[in-house]
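Across the two complexes that follow, chain A remains constant while its partner is chain B and subsequently chain C.
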Partner chain A sequence: MAVSLLSRLAASTTVPVFAVTGGGGCPLVSSLRTDPRARLVASPRHAAVLVIAGTLPPRLVGPVQSIHDQMPHPRFTALAGTQEDPTNWGKAVVADSSDPIQSVVDGFRALVAGRHASEPDWLPDSPPAEWRGVGPFGQGGEGMMGGKPFGRPMAEMAPDRDGLMLDALNVGVGPFHPALPPGLELRLELHGDVVADVGLQPNPYLELGKPAEKSYALFEQAQREAVPIARVETLRAAHLLGTIASAVEVAGLESLGRRLRTRAADPSGGDQRGLSRLRRALIAGVRWSARGVVRLPAEELQGSGLGPTARASGVEEDARLDDAGYLRLGFAPITRSSGDCLDRLLQMLDEAEQALELASKAGTGSTSGNVVEGVHGVPGSGSSPALLSLIEEHVPGLEWSDAVSFIASLGVDLQDIALAERRVVE
Partner chain B sequence: MNSLVGAFSVLAIASVLALSGRWLGISTDSCRVTNPQSAPFLGGSTPDTHAWSRFHIRYYAVALLFVAFEMEMMFMYPWAVVFVEEGIKALVEMGMFLAILSLGILYAWKEGAFRWQ
Partner chain C sequence: MSAVASWALEVAAVVLMLGVGAYAATVLESAIARIGAGVSPGPTLLLAPLRKAAWLAKQQTVRTERPDVIGWMVATAGLLPLAALAASLIPLSSTWVMADFESGIVLWGAVEALIIVVVFLRGWSPNSTFSLIGGYRFVIQAFSYTLLSMFVLIAAALPAQSLSIQQMVVTQQGLPNLVKQPLGLPLWIVIIVGVSFRGPLNLPDGRDLAGGTSVESSGWDRLLWEAGRAPLLVVFSAMGATIFLGGWLGPWLPGPVWVAVKTLVVLLLALVVAQALGRFRPESFVEMAWTVLLPVGFIHLFQAGVTALP
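Entry: the complex of A and B
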């Protein structure tokens, strides 16, 4: 009786979900963030359901298996919007394409009620190497420095920023770390909380055979033919608001993130005062952590085609200045001066507001059909590969919290970068 | 004799309860930590090196601030008592003292000790 009551109470809660994003999975993960039936958690330890959204490139399968095995029991996996063969994923449930979140909720209730068995591990339950039991602490070597406990070598000494010789910790973070964009995997050398060196792993979404994300299709179309400015600018506003939402969620401001995503789902639905309230909440929420962090100089970004990132540093470059349709509307690019993390986020908010204004003024007006400014700069594209080189260049020397704020403020989307790189190859 | 029997009885009952509780825990254990679960969560990656490493926690910035502000207060209380009697001399001495301490505060500021994180 009591157990049944407890099961019913447990089943009535919001579903703790850890989501991994494959090709084409971004919209579902975004809706998981706003749907009251589910709660996206930051670590598999707090999750009961692993949602695999979209099709995973082969290189991401191993990390997903590792994340799955880190979830506590009872647990289950849901595949949504994927071309994966479900039999490769044990007893994973294929979510209903019409309402995948309801499938997740139903699966969670069945799991808690005991109608669905908890999934076993997908990887062997053994350490990378055996414990050797040699040395004063059983670490496998002499003193504190030798040996490879459980197959992992002890940290090597390296000079830190104070001139002391201390241990450098080498770790990989990602590709599904909640503080980083999906798919981004960093190899870090850490001195305490300071990033001494960073290396980026290859973009895993390049392994997907065909374009997975169609959200920028309108920008692609605008390269070839005239399209209504109102549609382009509404889409731009939605994407920019979504990018800001991702950045504030990394800062722990989930409520503000939900408000931004709700507005992004219907950018033209609210009024100007709604955007002003979002601006005040954004400034109040991130000014302490984002102001003054990684000021990108304007001269470094001249001609980079990095859109709002460059304009936040004062670079007046925008492909819309070459479009007669936009010039008729009196378009002039907005710029900022300091180019720090706070400025980059405010720049995106300013440009979302400007995009909505242009959309309302444009009426039936169209673009000229040659080129159109993408959401993050590169014409006809989302994110640019050049954003990744900014990470490699500016993250060394930062504390981890600043590094995370910086990467979030760039609006990196590896799926869009894969699309852009594939287009260059073609 | 009776008290000895009582003590042994208590010991026996306690032992039976403890052992049966332990047995119950082992036999119904569904929360055994597996190897993947014992690894740190890094978003799907694994650490290249063992986590047993020494790094500089930088207590010195906090210690510097503590000494600077604590010494100010330690000196200011007695100084305030004699300030009226000593006049401008006391003011100059306090000015020199604060100037020296301020150097430490400025250094800590430069090191980022006041950053809100």
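Entry: the complex of A and C
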């Protein structure tokens, strides 16, 4: 009786989900953030359901299996919007495409009630490498430091930014760290909380054959042919609001993130006062975590085509200035001056607001059909991959929390970047 | 009433403050989060903590590779008793306080110091990078607000000319410290948010650390930890109500009801602040604490001393 009551109560909780994003999976993950039936958790240890949203590039399969095996029992996996063969994922449930979140909820209820068996590990429970048996303690390094026992790098003494000899720790972060863009995998050398060095792993979404996100396809289409400005600008507003939402969620402002995502789902649905309230909440919320963090100088970004990131530093470049359709609407780029994390977020909000104005003024007007300003720059110009160079250049020396805020303020989207890189190759 | 019956009542009051108070605080926190998100709170929130607790009770408790198991268990189980110890110091009426002794705020300070040990131990024990960084972050955060906390408590003790918390309440007859020491409550809100590591001071468990000191926590381990964190929030709010809003003092209603109402007010203030502000940068919080908050604490102490002069 008591056990039954416990199970019923447990089954009625909001479903704790850890989501991994494959090609085409962003919309589902975004809706998981706003749907009251589920809550996205930061660690696999807190999850009951692993949602694989979209098609995973082959290189991400191993990390996803590893995430799965870190989840406590009972657990299950749901595949949503994917071209994966479900038989490759044990007893994973294929979510109903009409309401994938309800499938997740139903699966969770069945799991708690014992009607769905908890999934076993997918990987063997063994260390990533053999014990090397070298050195005085068999750890493979010198003294009690260094080496890679069982393939895991130990801390080593190294000079820190103050010239002191401290333990340097080499850790891998990503590709599904909750505060980083999906797919971004970093190799960090940490001195305590300070990132001494960073290395980026290759973009996994390059392994996917074609752009999976329909929204990116519109920007790609706009490179080749005229498309309605209203559609492009509404989509831009939605993307920018979604990017700000991700950044404020990283700062712990989940409620504000939810408001921004709700607006992003229907950018034209609210009024100007709604955007003003969002602006006030944004400034109050992130002032302490974003002001003064990584000021990007304008000269570094001249000619980079980095869209709102460059304009936040005062670079007045925008591909829409070369488009007759936009000039007819009286378009002029918005810029800011300090170029820190706070300015980048406010720049995106300004541009989302401007995009909605343009969309309402445009009527049936179309783009000229040869180039269009993408959400984070000019698609296909190699601009978006430059965001990754900014990470490599500016993250060393930052505290980890600042590094995360900086990356969030850039609006890095590896699927967008993969699209841009593919176009360069073509 | 016999001594045993009176003692039993006092224990029941502490348990009620911890249990009911923590449950209400959790519901309130979710409601504020929903309102902040532009969503109606709805009645389903009332059972949400119970449902989550039931789920955690059913979830497997996973241990990491080569953890410090004893340290981990001690840390997880340590927070709730510390909250209970702190709760036992809160006077609920002129006669009703479980641990009423002359040096009450000294014991309160000891609880604050032990909370630092417990949270650090919890970060250290799982043998996990982000968890460890979270533990260290809490230490720097707590060192930055603990001295401030002592200043605020000493300032409240000055008019009472006593370290007894009950005496601090009595001296607020007529005019609460909220008026006599206007900087005190805002400073105490910082301490509440810091000690329960929420909102802007959720440095040890932030998303940048994928959950920090709780990144490896699941099942009963997580349930026990959360069952200690929420009462801390309530107990520190109750202390704020005691030293700034006159605790049990008030007309018509019984003392414990006044304590509950005033605690709710302080709790609401702390939760709204936690909800509205994003997580601070560790470095900038430490800088702000030592260069701004601490000098403000000095001014507060000085002003409280001058006001208390006969």
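In this text, the second predicted complex is superposed on the first by the 397 of 426 C-alpha atoms of A that agree within 3 Å, B and C clash if a C-alpha of one lies under 4 Å from a C-alpha of the other, contacts with A are read in each partner's own complex, and residues count from 1 in each chain.
In this section, a residue touches a chain if its C-beta (ideal position, glycine included) is under 8 Å from a C-beta of that chain, and two chains touch if they have at least 3 such contacts.
What you see is a predicted model; the values in this text were computed from it and never measured.
J.: Touch check for A:72: first (chain B), second (chain C), both, or neither?
T.: both
J.: I'd like to know which partner A:401 touches here: chain B for first, chain C for second, both or neither.
T.: both
J.: In the superposed arrangement, which partner chain does A:9 touch: chain B (first), chain C (second), both, or neither?
T.: second
J.: Who does A:36 touch here: chain B (first), chain C (second), both, or neither?
T.: The answer is second: A:36 touches chain C but not chain B.
J.: If you stack the two complexes on chain A, which partner ends up touching A:169: first (chain B), second (chain C), both, or neither?
T.: So A:169 meets both chain B and chain C here.
J.: Between chain B (first) and chain C (second), which, if any, makes contact with A:272: first, second, both or neither?
T.: Neither: A:272 stays clear of chain B and chain C.
J.: Can A:83 be said to touch chain B (first), chain C (second), both, or neither?
T.: neither
J.: Name the contact category of A:286: first (chain B only), second (chain C only), both, or neither.
T.: In the superposed model, A:286 contacts chain C only, not chain B.
J.: For A:63, select first, second, both or neither according to whether it touches chain B, chain C, the two together, or no partner.
T.: first
J.: Quick check on the output: what are the common chain A residues between the chain B footprint and the chain C footprint?
T.: On chain A, the overlap between the chain B and chain C contacts is residues 43, 45, 70, 72-73, 169, 171, 177-178, 190, 192, 288-289, 399, 401.
J.: Which residues, counting only chain A, touch chain B once they are in their complex?
T.: Chain A reaches chain B through residues 20, 43-45, 60, 62-64, 66-67, 69-70, 72-73, 121, 123, 125-128, 139, 144, 148-150, 152-156, 160, 162, 164, 166-178, 180, 185, 187, 190-192, 288-289, 399, 401.
J.: Show me the residue ranges of chain A that touch chain C in the complex, using the header's touch definition.
T.: These residues of chain A touch chain C: 6-7, 9-10, 12-14, 16, 36, 41-43, 45-46, 48, 70, 72-74, 112, 169, 171, 177-179, 190, 192-193, 248-256, 258-259, 262, 281, 284-286, 288-290, 293, 399-402, 404-405.
J.: Which of the residues in chain C end up touching chain A in this complex?
T.: Residue list for chain C touching chain A: 33-39, 47-48, 50-55, 57-62, 129, 133, 136-137, 199-200, 202-203, 206-211, 214-219, 222, 275-285.
J.: If you look only at chain B, which of its residues touch chain A in the complex?
T.: 30-31, 34-37, 39, 41-58, 116-117
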